[in-house]
Amino acid sequence: MRLPRALTPRTVVSAHCDLPCGIYDPAQARIEAESVKAISEKYQANQDPEFRTRALIIKEQRAELVKHHLWVLWTDYFKPAHFEKYPQLHQLFNEATKLAGAAGAKGSTDPDSGVKLLEKIDEIAKIFWETKQA
Amino acid sequence: MRLPRALTPRTVVSAHCDLPCGIYDPAQARIEAESVKAISEKYQANQDPEFRTRALIIKEQRAELVKHHLWVLWTDYFKPAHFEKYPQLHQLFNEATKLAGAAGAKGSTDPDSGVKLLEKIDEIAKIFWETKQA
Amino acid sequence: MRLPRALTPRTVVSAHCDLPCGIYDPAQARIEAESVKAISEKYQANQDPEFRTRALIIKEQRAELVKHHLWVLWTDYFKPAHFEKYPQLHQLFNEATKLAGAAGAKGSTDPDSGVKLLEKIDEIAKIFWETKQA
Amino acid sequence: MRLPRALTPRTVVSAHCDLPCGIYDPAQARIEAESVKAISEKYQANQDPEFRTRALIIKEQRAELVKHHLWVLWTDYFKPAHFEKYPQLHQLFNEATKLAGAAGAKGSTDPDSGVKLLEKIDEIAKIFWETKQA
Amino acid sequence: MRLPRALTPRTVVSAHCDLPCGIYDPAQARIEAESVKAISEKYQANQDPEFRTRALIIKEQRAELVKHHLWVLWTDYFKPAHFEKYPQLHQLFNEATKLAGAAGAKGSTDPDSGVKLLEKIDEIAKIFWETKQA
Amino acid sequence: MRLPRALTPRTVVSAHCDLPCGIYDPAQARIEAESVKAISEKYQANQDPEFRTRALIIKEQRAELVKHHLWVLWTDYFKPAHFEKYPQLHQLFNEATKLAGAAGAKGSTDPDSGVKLLEKIDEIAKIFWETKQA
C-alpha cells in the first residue's frame, strides 16, 4: 500500500525532538526503511563479498534508525487519547520495530522483509495523519 | 519500591544487542535513571549557573539512555506471549519512556520525577524477572 | 517558498546511505530545519531558564543534523554532471550549511534564522527533484 | 569467579556520568561483556555467513562499550587514594580494556576471550565494591 | 618514514567546533585517511575472513570520519572570500569527500584509494595553511 | 604564534583504530584540548547567556573527545614494555583524563584548566614520540 501523502496536510512538515518541538513525521522512519529494502535488493544482485559485507554493515545502521524513529513517534508523539482511540497502536509499533530488528530486516537480506516493514510503517503513518487532521 | 534483586536469578546477567545475544537486563535503564535522579538532586543543591547548565546537558543524555534501554527491552526482549500474559505491559513501557522524556525527567529538575521514573522501571523489572524465571 | 512536493514523483521516496542504496530525500534536512525553527519559536515564547537551556541543547543537535543531511546530498547524491548543469549548486550547499551553523540557526534563537535555512533548503530541493525527473 | 553481588550494598545502584552524578556500577561493563561472550558462542554455533557478519559487527560495538564503561570507572570513579591502596588497579584496568580490544574480545570469536574479559572485570568489581563499603 | 614531530613547534595545534572555537586543522581528516589506507594494506595482507570483516567495519567508520572532518572545514572554516580566491575549492572538497565514500575508500580495499584520498586532502591542506598565513 | 606546518614533513601523519591500523597520534587529543581552551577564552570574553550556554554544551563534547583519544592511546597504543620503561605513564594518563573531566576542563570555564590539560597531554606526547623513535 502506498501512503496517499498528497492527501495529507502539507503545511505540517514533521518530526521529533524531545523539547518537544512538536514536529513529527513518519517519513523519517519510512525513508530509512526504503533504504533497508534497497540495500537488500543490491545485496541480492551483487555477489562480491566486500560489497555484501558493506551492505550488511549499513543495513544494520539504517534498520536501527527505523527502530529509533518509530520509538520516538510511539513515546513522544502519541498521547493516551490516541491509544484509546486506536487500541491496536501499541501492537502495531511493537510489530513494526520487531520487523526492523533481528527477526526482520536486520536478520534478513530478503527485500521482502523491507517490504513488510514499509507496509507496517504505512499503517502507522495512516493513523498518524488521521490524528493530525483531527 | 526497591527491586528485590537479591531474589532474582543471578546467573543470568543481562542485556541487549539485536543479534540478538539473548542477554537483557533492566538494570541498564535503572542505572541511568538513578543518574537522572542524582543529577536533579545536585541541581537543586547548587545555584552555580555553569554547574546547572552542565547538569541539564547531562541529564538530557542520561534520560535519553533510559528511553533507549527501555525501548530495546520492549521491542527486542518481550515476545507476543509476554504481552498476552501481561496486557498492561505496552502501557507500562509507554508511560515509563514518557516519564523519561519532556513531560518527565527531561523536562523537570525535581528529583521526584526521577523517583517516579525509577518506580515505573521497577514495575517493568518485576515482570521481566518473572518471565525469566518462567 | 513552499516546496511543491505534490508535483514530484511519489514512488521514489528517498534518502541516503553510502552503500549507496540510491535513496535520497531533501525532506530529511527539511524536517530537522523545521524543528530548528519550531525550537526557536518556543524559546522566544518561554522565559523559563531551564526550558531555554534545554531548547539550546536540542537546537544544537537538530541543526547539526541539518548540516549532516545536506552534506550527504552534496557529496553522495550530486554528481559532476549535476554541478555542471547547476553551477550555483556548490555555493547553495555551502550557504545552506553555514545557515545551519554558528552564523545561522545554531548561533541564533531568532525563528527567522530557521526560515532562512528552510528557504535555502527548498532551493536545493527544487534542483534535487529536477535532477530526479531528468 | 562470580561476583558475589548479593553481598554488596543494594541501595547504591550505580553508574557514571561526568557531572559527576556520583552513581557508578561495574555492572555496565559486565553486561556488555556478557553480551560479547554470548555473541561469540552464537557465532561458533552458526555457519551462516550473513549471521556471522552481523555477529562481528555487533561484537565490535559491545566490546567498545565494555572499554568505554571501564575507562569511565578508571578515570571518573577511582581517586588517587584508591590507587594508593590498590597499586595493581592501573594495570588491572589496562589489561581489562586490552582484553576487550583487538588482542582480546574484538579480535577473537573464541567465547573464552569473553570469559577472560569477564574475570578481569570481576576483579575490578571486587575492588570497586570494597571501596564503596569503605 | 618516521615523523620527526619532536622537531616541530608543539605549542599550537588546531581544529574545529561550531561555537566556533576558531581552531581548525586538516590533520584531523588526514589522520583518519592514513588509517583508511593502513586498514586496506592490512586487509590485503591477511586472508582471515574474520579479520577482513573487522577491517571493512572499521574502514567504513574511519572513512566516514574523513568525510565529516572535511565537511566541517568546508562549511565552518572557509569563508566566501576564500572561495573567491580559490575558485577550485568547492570542487576539491566535493572530490575529496567522494574519494572517502562509496566510489573511493569506502567501496574499495585497494590501498591506492587511500593514497588518492590523502593526496586530495593534502591539496586542501596546502590551501588551508596559505589562508592561515594570509 | 603561527604553526609553520609547511615546514614539517607532510607524508606521515598518524592515529588509532582498534583493528588496529597501527596509526596513532597524540595530536588528536591535543586538537580537542586546544578547542577546550579556546572555548573557555571565548566564554570569558562574552557575557551573552545564549552564547555561554552554547559554549558549555560544546566544551562538554570536546572535553569528552579529549578523554576518548587519551584512553585509546593508553589502552591500544601503549604496551606492557612501555609501562615498564615509563612507570609514571599510568598515572599521567589518569591525571590527564581527570583534567579533561568534571574536576578539570569540563567543570571549569577558566582557560587555565585548558592550559593544564594541554601541558599534561604534552608530557604524554613526549613519551609517545620517544617510544616511536625507539
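The first chain written gets the first letter, and so on, giving A, B, C, D, E and F; residue counts start at 1 in each chain.
Operating definition for what follows: a residue touches a chain if its C-beta (ideal position, glycine included) is under 8 Å from a C-beta of that chain, and two chains touch if they have at least 3 such contacts.
Predicted model, so just to flag it, every value in this text is computed and none were measured.
Participant: Go through the assembly and pull out the chains touching chain D as well as chain E.
Facilitator: The shared contacts of chain D and chain E, listed by label, come to A, F.
Participant: So if I superpose chain E on chain F by CA, what angle comes out, to the nearest 5°?
Facilitator: To map chain E onto chain F, rotate by about 180 degrees.
Participant: Using residue numbers, check each pair in B-D, B-F or D-F against D-E and return the one sharing over half of the contact pairs.
Facilitator: B-F
Participant: For chain B versus chain F, which are copies of one sequence, does the interface use mostly the same residue numbers on each side, meaning over half shared, or is it different?
Facilitator: different
Participant: State, to the nearest whole Å, the distance from the C-alpha centre of chain C to the C-alpha centre of chain D.
Facilitator: 40
Participant: Whole-Å distance, chain B centre to chain C centre, using C-alpha means?
Facilitator: 34
Participant: Considering chain B alone, which of its residues make contact with at least two other chains?
Facilitator: In chain B, the residues touching two or more other chains are 18-19, 53-54, 57-58, 106.
Participant: Between which chains does touch occur?
Facilitator: A-B, A-C, A-D, A-E, B-C, B-D, B-F, C-E, C-F, D-E, D-F, E-F
Participant: What does chain E use to touch chain D in their complex?
Facilitator: 50-51, 53-54, 57-58
Participant: Within their complex, state which residues of chain D touch chain E.
Facilitator: 52-53, 56-57, 60, 106-107, 109
Participant: Over in the complex, which chain C residues touch chain E? Could you list them?
Facilitator: 18-20, 64, 67, 71, 74-76, 83, 90-91, 94, 97-98, 101-102, 106
Participant: Going by the contact rule at the top, pick out the chain F residues touching chain E in the complex.
Facilitator: So the residues of chain F touching chain E come out as 1-19, 21-23, 25, 27-28, 30-32, 34-35, 38-39, 42, 54-55, 58, 61-62, 122, 125-126, 129, 132-133.
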